[in-house]
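Each structure below is given as structure tokens.
Two complexes come next, and they have one chain in common, subunit A, joined by subunit B in the first and subunit C in the second.
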Partner chain A sequence: MNKKIKMLAVDSEEIILKSISRALKSDKSTEFIITTSTTSLDALKQIRENTFDLIILDLALPGMNGIEIFRRIKNIYPEIPIIIMSGFSFSGIHYNLGMDEIAVNETFSKAAGFLLKPFTTDEINTLVKNIVSKDI
Partner chain B sequence: MTVHKKSESKVQRKLKYLSISTRVSILIGIIILTAMGALSILSLIKQKDDAINSICNNTGQLSSTIEKILRVSMLKNQRDEISLSISNIVDKEDIKSIRIINHKGEIKFSSVQSDINKDISHSGKLCISCHTQMPISSRSSFPNIKNFHHYRIDDKKSLVYYALPIYNAPECYTEECHAINIHDPDNGRNFSKVISGEKRQSFQGTSSGKKSLPISASGSTTFFAHDSSQKILGFIEIEVSIKKVISSIENTRRQLILLTVLFAVIASLIVYFSIRYLIGKPVKNIVSGTIRVAQGDFKHEIPPGKAELGILSESFNKMQKQLVLTQSQLIESEKLASVGKLADEVANEIKNPLTGILIFSESLLSEMQSGFNNNEHNIASTTKDLELIKQQALKIRESIKNILSLTKRKPPVFSSTDLSKIISMAVSVVEKFSNFRNIKVITTIQKQLPEIHADSNLMEQVFLNLLLLTSDSMSAGGIINISAGIFNNFLQIIFSSTGSGKRTDIAKKLTSEGFSKGLSDPEKEEISLAVCQNIIQMHGGKLEVNSERIGTFITIELPVDA
Partner chain C sequence: MKLLNSILKSKKKTEETISFKEKLHHFQILLSSNDEALKQMSNLSDLLNSGRPFSKGEIHAIFSDILKNTEDVAYHLFQMCGGKFKTLITQVDKIKNKCSEILAPGSFCPDRWNCIEPDCNECEKNESNANEISGKPYSYRVDEITMNHIREVGGKMSRLCEIHNKLLIPIPDGFAITTRFFQDFLAHGDLYSQIDQAISSIDFNDNAQVQQISQVIQAMLISAPIPSLIEKIILNNFEYLSEKHGEVLVSVRSSAIGEDDLHHSFAGLHYTALNVSKANIIDACFEVLISKYLPRSLVYRFLTGLRDVDMPMSIGCMQMIDAEASGVLFTKDPLSNKAGIIIHAVRGLGTKVVDGSVTPQEYIVDASSYKVIHFNPGNQNYKTVPRTTDGLHDVKIQDEIIGKPCLSEKQVKELTEYALKIENYFGSPQDIEWTIDKNGKMFILQCRPLAVTEKNTTKINKKISSSELKSKHPIILEGGVCASPGINSGNVFVLNRTKDLVNFPAGGILVVKKASPEIIGILHKASGLIADIGNTTGHLSIIARELGIPVIVNASEATLKLSNDIVITIDADECKVYMGKVNELIDWYKTTAVEKNIFAKSPMHRIWQNISKLVIPLNLTDPGASSFSPENCKTFHDITRFAHEYSMREMFSLYESAKYEDEHAYPLKFTVPLDIHVIDLGGGLKDIKGKKQIIPDDIISEPFLSLINGMTAPGIKWAGPLPIDLKGFANLLMSNVVDSNRGDRDLGSRSYAIISDCYLNFFSRLGYHFSRLDAYASNELNNNYINFNFRGGAADPIRRMRRARIITKVLESLNFSVSLKDDHVLGTIRKIPSSSILLLLSEIGRLMGAIRNVDVTLTNEESIQKFVDAFLQGDSSPAANFK
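Right, the complex of A and B next:
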């Protein structure tokens, strides 16, 4: 275990956060220090108070949707790679979020990767490994 | 204003007009009155003319008879006899008077004593009628007309005046009876002169003044009463009353008017009740049927009738069945559309536990394959993971159950339903949806809300649809208030949102125009609202939507005893 990655996982569902933790633990080559948030406000608070190497962000969050949080994080820490995660199909997600398609696509272009639920251990590990090896 | 209110007020306005049966019976009454009235007037005129003509003919015959009777007396110069006969014939009631007028226009005999010796040559209508184109002075020359007779009618006095000429005959100017024969030496002709009894004596005693009269062989001068050249010696004028005839015609007129009115009224009543029974009743059934169907009572069937209206009733019932079928298909398709949206949301809900199941089962599988070498994992943690997998699987089962309950095809079943439970259930379903993350739903339900007779699945569909529709215009989030309570004996449910009111024309979607547009170019919201309205109408209630800038207000009213 030679690498330490500080990561923030944001999702309103505890099971997703637990699943992310469990899946990433299977990668023995990297140590993931995972902080979790179930609300957008808590996520922003964690970002302000800590330094993260990677963020996994669900788009459907109560209070403030994932696109808004994504923009805010990118405004403050543009260098932090963010993986966008969603249960909706990415092609029609603007409809589910009630947002403009162009604005959503613009945000997506700045994302480090996409994770579509339900994902497997391999899928999340491969995606995270790729981003980590590339960006960090 | 809703479609229901509009159609109801239109129908009520139209029902204020007179019914078909009343209008047709009034028309028939007017036609009968006009036709029979015109026929009666023509008939009365003809009847009156015929009666008067008949009276005139009879009077003519009577005059002729009187002339024949009096001729002998006249030839014999029995003046008293003539006067007596005239008086006897006159009966005051029908034959008012009889007058004998000489060719000079002097009344010589009359049943009215005061008329005797009156000169009517200048004023009498009898004289004037023939002498208008002839100088009145030439009294010796009467019109040379064969079978001359004259009558005139005085409508005001109800009298007929008949004048029969007394034609000159040889015995009139050859008999010596009452005439004094005078010979005119200038032209060698005899002429006659009618004179009264007193004057006759003086005539006999003197000559005629200027003219020298020849002396007869007997030594006396002979005067003849009439000249042989005269055609008409005078007239017998009879005055006959036509009061009885006029009065009889008046009676007939009154009876005809009464009969005409009576007939018109009877005919109108027959027509009125016939139309009311044969047309009005079936039409009323059809009208009430259409109203009930318009109000959402799709089970109502019009009783079968006969002939054309029977065909119409049958067509209406067929159309209604087709409408029910189409409506159920529409509700079904709307349900499927809602399900599509729900499926998307539910899929998202399923994907979360599914992720957990996948990751944790993979983790357990991986550990099993490695033979549980690592001591970190003991039986307790494995049990915990399996428990988590089970919980997530149960979550998925719940979500699937929810979606299946909406897609189940079954006919409406009306039973006592607690709407507060249905509202709470609908709210709990939508609260999990992504677009409800920023929307707070507050429910204020009156305690002990009475149960209503309703189909719980359909009502659930209504509340889910309305919640989803309201949330569509609240992209920026907000509050949806749902209140339910009893108001004016109706169970009233009010949806009010504080959303941005993105679509301010939401109310228009409920108008008939919006609905018809929706059918030709179906938009989800239009159909969804129309379906909600139909379901509410099916329950005997009404649904009103008001969209304003500050949000949307949806009011549902359901009868408690529905």
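Right, the complex of A and C next:
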């Protein structure tokens, strides 16, 4: 029987969310039930009202940025694996987000994985498969 | 000459005189400001009369324009009159202050949107004004709160606690964080004005912009520092709950001021965080607070005319109940279809009822016997339950209980009793949220007044036979439940992804899978809504009824059956969807439907109605009345009227009241033997450098050219200038025809033309009479005018008066309004096109020539009409025939 994974994908760009869904659906061994969210408050609402097995979170969201959402999600569900995703290189991202480097590094240390945009189908599948086999 | 000079010099200057140029400069600004002010007053009036929603930004733009231009008008009158009319400026300030009072936050009483007194913006109910909040506590526990705390904890919390404390109805334990928290937080980071600015700049027709600005405001609030005192207060309250009940989790809900009232439910607009632990309560409180600026909340406030400043947020934190079943109860059918009390119930938490994602069980309960008279099992396979730590999760419902009632008869009775008690207490139908815990204990979570739509009693098929309709317009969808009545047509827009909402076209009919709250943000643009899933008690349905938008829910496969861009007609009352536009139905509906304009009764609209009373009405109508004074200006319109009148009077006597500075007076040499000196204030003459005198070809001032054109009309016989009798002239000066300040000027027998490209002030002394002409001819019709004054003469009083009557009659025939006193004629015409002004100036030029010295020849009364008729027929020298 296929494994079922409930996942939340958060990105302000619908096209990224589409490509995540498409990529993950190409993996036939696992059934992904994907909820998407384009705004920070909506993402938090989803997280408070549903249980997910995995979250993919973009760091540069308008309103509340990804680092802040990451902190809030971890407070609510400390155990949930979160993949953080960014179009900026991860080494200098605190500049791009205008945030404290220590806070950013702390977030990174708690992340389950990193995804640099743009990504290939293989990249995301490999990353997700690793996390899912490890944690769930 | 010595005598004359001594007379002239004896008169003291009372005000500071300014130059011609400056005077014209102020006058021109005054005219254009006056014009702009009047235009915007008319826009303000149109906007208020249209009944359509307007944003603060939109109406403020108009108002500030009126204010600025009115201030300019008063200021430039003050300037051009050399410091006169200072009281007009203070009067503007007085009116402005009255406006500020009306616009101040919280100027409406707590009952403000339900108050029947239309002019009320202050009443005895308004005891606690917004500013007094600063001395009040940051939090209350539920057993301390009554309806008297509505200003501090909002309608939702105060009502709920009231039924608990007064009616002993069980509610979860908890506490409220007051509006002081919200206001201090905003003040702490100086966020008020930033948010206000951001909101004012929103164009609510642009969905994408609403989204974007919402994000900007959210970012502002999230990055703002949280005062540590506030954090501590929230945590202390939480600890108090823990001490009392052991380990607890709470629900964190909005309770904004003005939320949950009869006409403004705010249903589902704000964020609710369920099952929150102490570790996350601060975050959750701020998420709730920030949700005040979600796009859908911004749009809702815009549509319903609620001002952001009037609605500070307060927060209710209540102990989380691990629910066996939950739901809503309406003590009346909001659509007046069913008799009885309506209960919608789901297993687990109630989130799935209010967000429209499941079809709940429906119980219709008889209000006297408390018996269930109708039961619909609904459709629910999953229930939402709280996790042991933060958050919720969905759990599959055991197959054997799916479809079985989740409420026992006893529970239905208990719930109904509570509901009727609440309805009875508040005296109006109620919308109640409830929950039952694992031990069967019932709690009320919320109660708010329920808006009941009056059912259209005339059945549609009585008016139009349905078979007739069917033959002409195929029905493409039938069935479902009417969630909000009405009939309308539009183009189908099937929503596949929430993100596509920004592309929703105004006037379209939105077709969605699920009636989710995000849709509220664009609902006002929709002609109708059809949802595959949803229910009549959900938030979206409540808001649609408030806005009067037809909605069908549970329309099964509408998203599959309807395709984009086809035109359909939705008849929500009958749950039918027709192909094409069914004019018969739409027209019929328009004649029967009660006009539903919630905005016209909104605080925003009322506030601006009150402001408009200080702007639009005109009280100063008669410039001749003694009440025509700055002190009697009660509105901005009065101010502009007064200033306009006096600015023209001032220009009229330009020659006497201004002074030479560097303006040079050029003698004009042309066929008319008048000693005219021309002073150009800008754009009136060609480049005439080096010239000592000018000719008509040098003139480009259109008003002056027109006058000259009239003066030189064929047939006019200009005799040479008459000798001036100095004694007589001095007498005339004494009688104030000429202001005697002008000791620096050689008065002789000169005439002066003070001109600009569009302006003419012509002061002439032809023999013993004086005439003054002041005219403005621009592209702006409202600024244009001619004032013409004629007085004096050499003949005896009777003949002089005959001539004055000729002038009066001619001016009247040319549509001037004219006043005549003795031999003094004053003719005025205003607000006509530039071309007409020029034509009339030419006629006045011709008249000046025609009546020259005619007083001597006016020997009898008949000659007056003869002269007038001949002149108007084009004879420029009628007097020649009288000899």
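Here is the rule we go by: the second predicted complex is superposed on the first by the 135 of 136 C-alpha atoms of A that agree within 3 Å, B and C clash if a C-alpha of one lies under 4 Å from a C-alpha of the other, contacts with A are read in each partner's own complex, and residues count from 1 in each chain.
Here is the rule we go by: a residue touches a chain if its C-beta (ideal position, glycine included) is under 8 Å from a C-beta of that chain, and two chains touch if they have at least 3 such contacts.
Model, not experiment: these values are computed from the prediction.
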Residues of subunit A touched, compared between subunit B and subunit C (which is higher): B
Touched partner set for A:Lys117, first subunit B, second subunit C, both or neither: first
Partner chain(s) touched by A:Thr39 [first = subunit B, second = subunit C, both, neither]: second
Which superposed partner A:Gly63 touches (first subunit B, second subunit C, both, neither): both
Partner chain(s) touched by A:Arg72 [first = subunit B, second = subunit C, both, neither]: second
Subunit B versus subunit C as contact partner of A:Ile47, first or second or both or neither: second
Subunit B versus subunit C as contact partner of A:Ser19, first or second or both or neither: first
Interface residues of subunit A shared between complexes with subunit B and subunit C: 62-63, 65
Subunit A - residues contacting subunit C, complex: 14, 38-42, 44-45, 47-51, 62-65, 68, 72, 75-77
Parts of subunit A lying in touch with subunit B, wherever the complex brings them together: 11-13, 15-16, 18-20, 22-23, 25-26, 60-63, 65, 86-88, 96-99, 117-121, 124
Interface residues, subunit C side, partner subunit A - complex: 212, 214-216, 218-219, 222, 271, 273-276, 279-280, 283-284, 287, 290-291, 294, 351, 384, 387, 389-394, 497-499, 518
List of subunit B residues in touch with subunit A within their complex: 344, 347-349, 351-360, 362-363, 366, 388, 392, 434-435, 437-438, 475
